[in-house]
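Both of the next two complexes hold chain A, though its partner changes from chain B to chain C.
This part shows the complex of A and B:
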């Protein structure tokens, strides 16, 4: 209810500090956390561990970016985790099946595996998107439903067991491979994130997502094709989830029906902590990456400090709530 | 809204008598040196304000002058950074909204605090439900709700869901809610913005009754007519400072406007040169599926302002919304530039050069979290000037939007701040900027100056003049009668979903318009609350 006048009054030093903290608080918190844990456990800041954090971040950053694309439109995707599981199992089954049938053309096998995964992602995204935008079912119910559907698919086609013997070449390509010494997952994440960033900042589609999320009715009045764009947003989200799922499958070397267990929560947490507003219209790739880095570093530090896994869950939960609180402060300041 | 047909000032039947009884006259509220700072803005700068028992104290000022901040401080929404807050002689610190209510401070804000999914009576008792043996005592609450609503003389069904009510009715619920408790200090923030004439009269009668009971009332309004009618004293705010507190009967309207603006404002309405040319928009026998518009025919020509007057809820707003494709059409034809159009959709209409500007800018006009730039270009992203296929031409966009923002004299003239940071008048300019971002020939304005101050209003009117010179056709829908009376070349009047008159030239005057409203109602007069209807009839 504030009535900011046009006259730009000077900020008091306290408020300048507050504004600075809201903008850069996360980086400061990250540095403080790393140093704090390093005092307890010097390994935290070892080059090996830092590299490890970066590798880990590349997965979560992809998922956070996926989540961010729909959160910006005032939605979210609860089915992201089980989409990851379903994609992992389906692509692994296709690849192992082709090998079992005597196919030896590795590039074709891997291509088919990846296309299967991406195709499944596309299907889930279309389903979510159409339910949300055309049928007007809210995002919570829709994606809760598809969460179960994907979980069902993943467990049914795999009989609930991991699909072993994913071709080693697949892991070589998406996990252990390097270009100029940079690990494949990091490269894939960078490419994906740059693409998402360009999509959001330079395309009419990306711009429209912010406007639709910022005020859906205003977007409709401005003649933006909201339904089409919203559907596409969910498709982009699920496709990114599929990319991340393929990366994870390459890392484990098997199709895992429980691969996406924590992914939904982590991705939402990373996006929100990074500063993507659940109220829509605010957020970007930078936020997703920063949030992902923070979530990864936090669990990495807690792991090294031998904090109990369940306690870690409690701390992560608290951090998410704190992040939403900060988001409120930020909105209030606006 | 129409200049109120004034009953004698302070016209309550027993006002004077009770006032004299209330002569114990310590101030109800006394604020000294109140300051409040928000990031980047000093919203209140050392403001003194006092309110007596049984007084209507009007707060007057431009958007962004600090009125909202002040009433929020009084309602306990947030605390002041400095200053003294005396209420009923006691110093109050760290006031919370709840505490304020308990002490009898009841605010009615423009932004409603209602739950759309709940019924009227549930909303009235929200947070102070009555219970018996731990169960909600619904019957008692419903009875009390009926009683309060009847006392207010509002036409409200307590069992209806609030979300299904019109804005005017929601406003009544909000007022009823404020009065449910023992009120000592009532805050009304532009309460008449969405009320009809008859409802306004009822509200004023109520204000008189409360005043007689010694309740102090802080009343925020931009409407000169009603301010002069109900105010005892007026405080003028400008840029967060209090400029003056004056007795209402000691100041003229012009002086008041000058105090508010800090400069001389010669005219409230500019002179508009109409040069009517060909028909750009023609609507024939339009009937909407909702029934809010029935068999309406009108046309709008290039180079003139076509006004549509009518009471709140008469269907005038729905009419132009339907033309833009926002309300489903049942039958009728719409001709654009002489050719019949069939696709009623915003996208198609924008492409055809028709743009609708909504009255509720926060709900329908703006993405508040997004920058000015994106909000202005948002209806033009399909144009090659702004995007090559899907790729936005960001440099060109910046330049074009900066030009538009400069032309509209947006303050500050920056394109990157979030729109949510701007004041009401500037927000409206951002919405209007859309009409300049692409080639628009037919402008459909829905209450274009509601909730914005005199200075900004004048700028909106100037923009309309400019558009006319560029050969646009302007359809101006407004509940503010002086506005349509002064600006229209031809004025249509709508009543009960139908077009009842088309006035031109000398016929465009208040009597003619009011006559349209009450002509057919006359036989029914007296069915409603009597004094209010009589007052209206005498005005007509």
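This part shows the complex of A and C:
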């Protein structure tokens, strides 16, 4: 039997148990946290709030999964947040522009808006991927560069102001719509995450990413088209960021030039807290979702307990360091 | 030849490739800088204005100090994303301590200044120590540690001030120090030049400098050779934090208030300055005099774009492209020298 991930193949039963424990440690921490906060503020465990947490998680989970795809290859994408901003503004501008020009065919307008957003995501992903794989520029520098570039694009085309009057139908489709009572963002997130999961576990491309991240030299020796796969990984990441950006734009109902402010930090934190290793080769959709759930629940609880926003920032910083420390213990145990 | 010998990462390469690379390293940036300055002098009369020159000098001094700290961390193979947050925290703490001390004892100005400066430098020291200890002992990725401490330090700075600027620093600190002109040049120029000389001496003439380079080049080899790698790792991060604090003191003194939002783009610019100066992100390679040149280059470039009234948003795009291009060119040159050697 072949394991879905390179890391899985390396684990013996005892070590698998340790990894199992760490995974469940996060769930235990989540439950303890929820109950702890519920004692202070009973609203935390109300059905309305739990539904709220699930809705919010669906956005962060998409971003965390995007980040996870490149972290697995031993990279990361610092430009994710500003890509979100640029996509949000660009797609909103296209849609409002078409409406202003007298176009009334809503499906076409929304399609063009989404295609613009996804196209921009594709462009950013190609830029990042080609710089990292073909030009051999460090992922940090590349995505730092595209962070600046996307920020510039987002603020230039919007003049630094939000783009209002995004068609109501767009929000109806991607935000307030429901299928069998399940909100649209949750459905989109589930579909996207399943697709990513299948891509990572069932395709040669997906499984190669683990080898490229875990042992680049072995990947090259094995004759994998590393450059093409690596580029594709960055493209997938940015496309997912674009999908998330469209979802967020539908939620706010406007194109926001600083929509992605905290998204980069949150996505990296969520992925790493979930157990994706920055050393590459380890991680999966489950980790991304779990990490996203934890980060969302934490900020939700702190918000309901009326903890000062600045203290929330300090706590998030501590949680990130603690999570890496746990990751370190886990890899140390291997 | 010492310039070549000090780069452990390149020791394995044959002499010829080394020399050509060293030439490229020394030649490219100064040439670009001179072209830029000549163009500006010829076509932009405002560039040579007294006020503008002072501005460029102040900005590049601040960048130089942060960037030389950043360089030390890059040389040991790390990153420091927390310098921006340290600058913010130092600014707030310094201003707050001075203001509170002055309120208690209005005549004791010297004591207030000393306490404020010490508290400010302490912020950088503690943050650097935490960063270094986490990287050295816990072997946590520097990226995540400094991301975490950056979030914490920013949170503390905002918490202390609620985002409102802190006023009430003594005039002796603001007017007589921060905005001082010594021998015709703004005070920060002298501070940054002394830092440049000190770091240069440390890199070239002391064992500390050599060990730091050795760790970045090959941490295993350094450890086996009996270098206390943990100590020097922590030292590099601590120095970086304190240099960031020093920058903050200069900026705070000039501004006259402590601000939690002061750092601006200095974190990104410090890494950009290092990268353009050819500091390798894999560690082991980096020279402070090149970092100084690239800090000057970036400051003049920004100034030129401001004078030409380039939209600040487009400046950001431009800066992003320059950073990526600098590293891409560097990689290309390395690959060419490698294939020239093999072919």
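One rule holds in what follows: the second predicted complex is superposed on the first by the 312 of 334 C-alpha atoms of A that agree within 3 Å, B and C clash if a C-alpha of one lies under 4 Å from a C-alpha of the other, contacts with A are read in each partner's own complex, and residues count from 1 in each chain.
FYI, contacts are C-beta pairs under 8 Å (C-beta built on N, C-alpha and C of every residue); 3 or more make two chains touch, one makes a residue touch a chain.
The structure presented is a predicted model; accordingly, all values stated were derived computationally and were not measured.
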Touched partner set for A:292, first chain B, second chain C, both or neither: neither
First (chain B), second (chain C), both or neither touched by A:140: second
Partner chain(s) touched by A:317 [first = chain B, second = chain C, both, neither]: second
First (chain B), second (chain C), both or neither touched by A:149: second
Residues on chain A lying within both footprints (that of chain B and that of chain C): 279
Chain C - residues contacting chain A, complex: 79, 134, 138-141, 143-145, 147-152, 154-156, 158-159, 268, 271-272, 275, 281, 311, 313-321, 323-324, 327-328, 331-332, 335
Residue ranges of chain B in contact with chain A within the complex: 37-43, 63-69, 72, 77, 109, 111, 239-240, 324, 326, 345-347, 349-351, 356, 358, 363-370, 374-375, 378-379, 381-382, 387, 390-392, 394, 411-412, 418, 420-423, 426, 434
Of all residues in chain A, those that touch chain C in their complex: 76, 131, 135-138, 140-142, 144-149, 151-153, 155-156, 160, 265, 268, 272, 278-279, 308, 310-314, 316-318, 320-321, 324-325, 328
Chain B-touching residues of chain A, taken from the complex the two chains share: 1-9, 11-12, 15, 18-19, 202-205, 207-208, 210-211, 213-215, 217-225, 277, 279-282, 331, 333-334
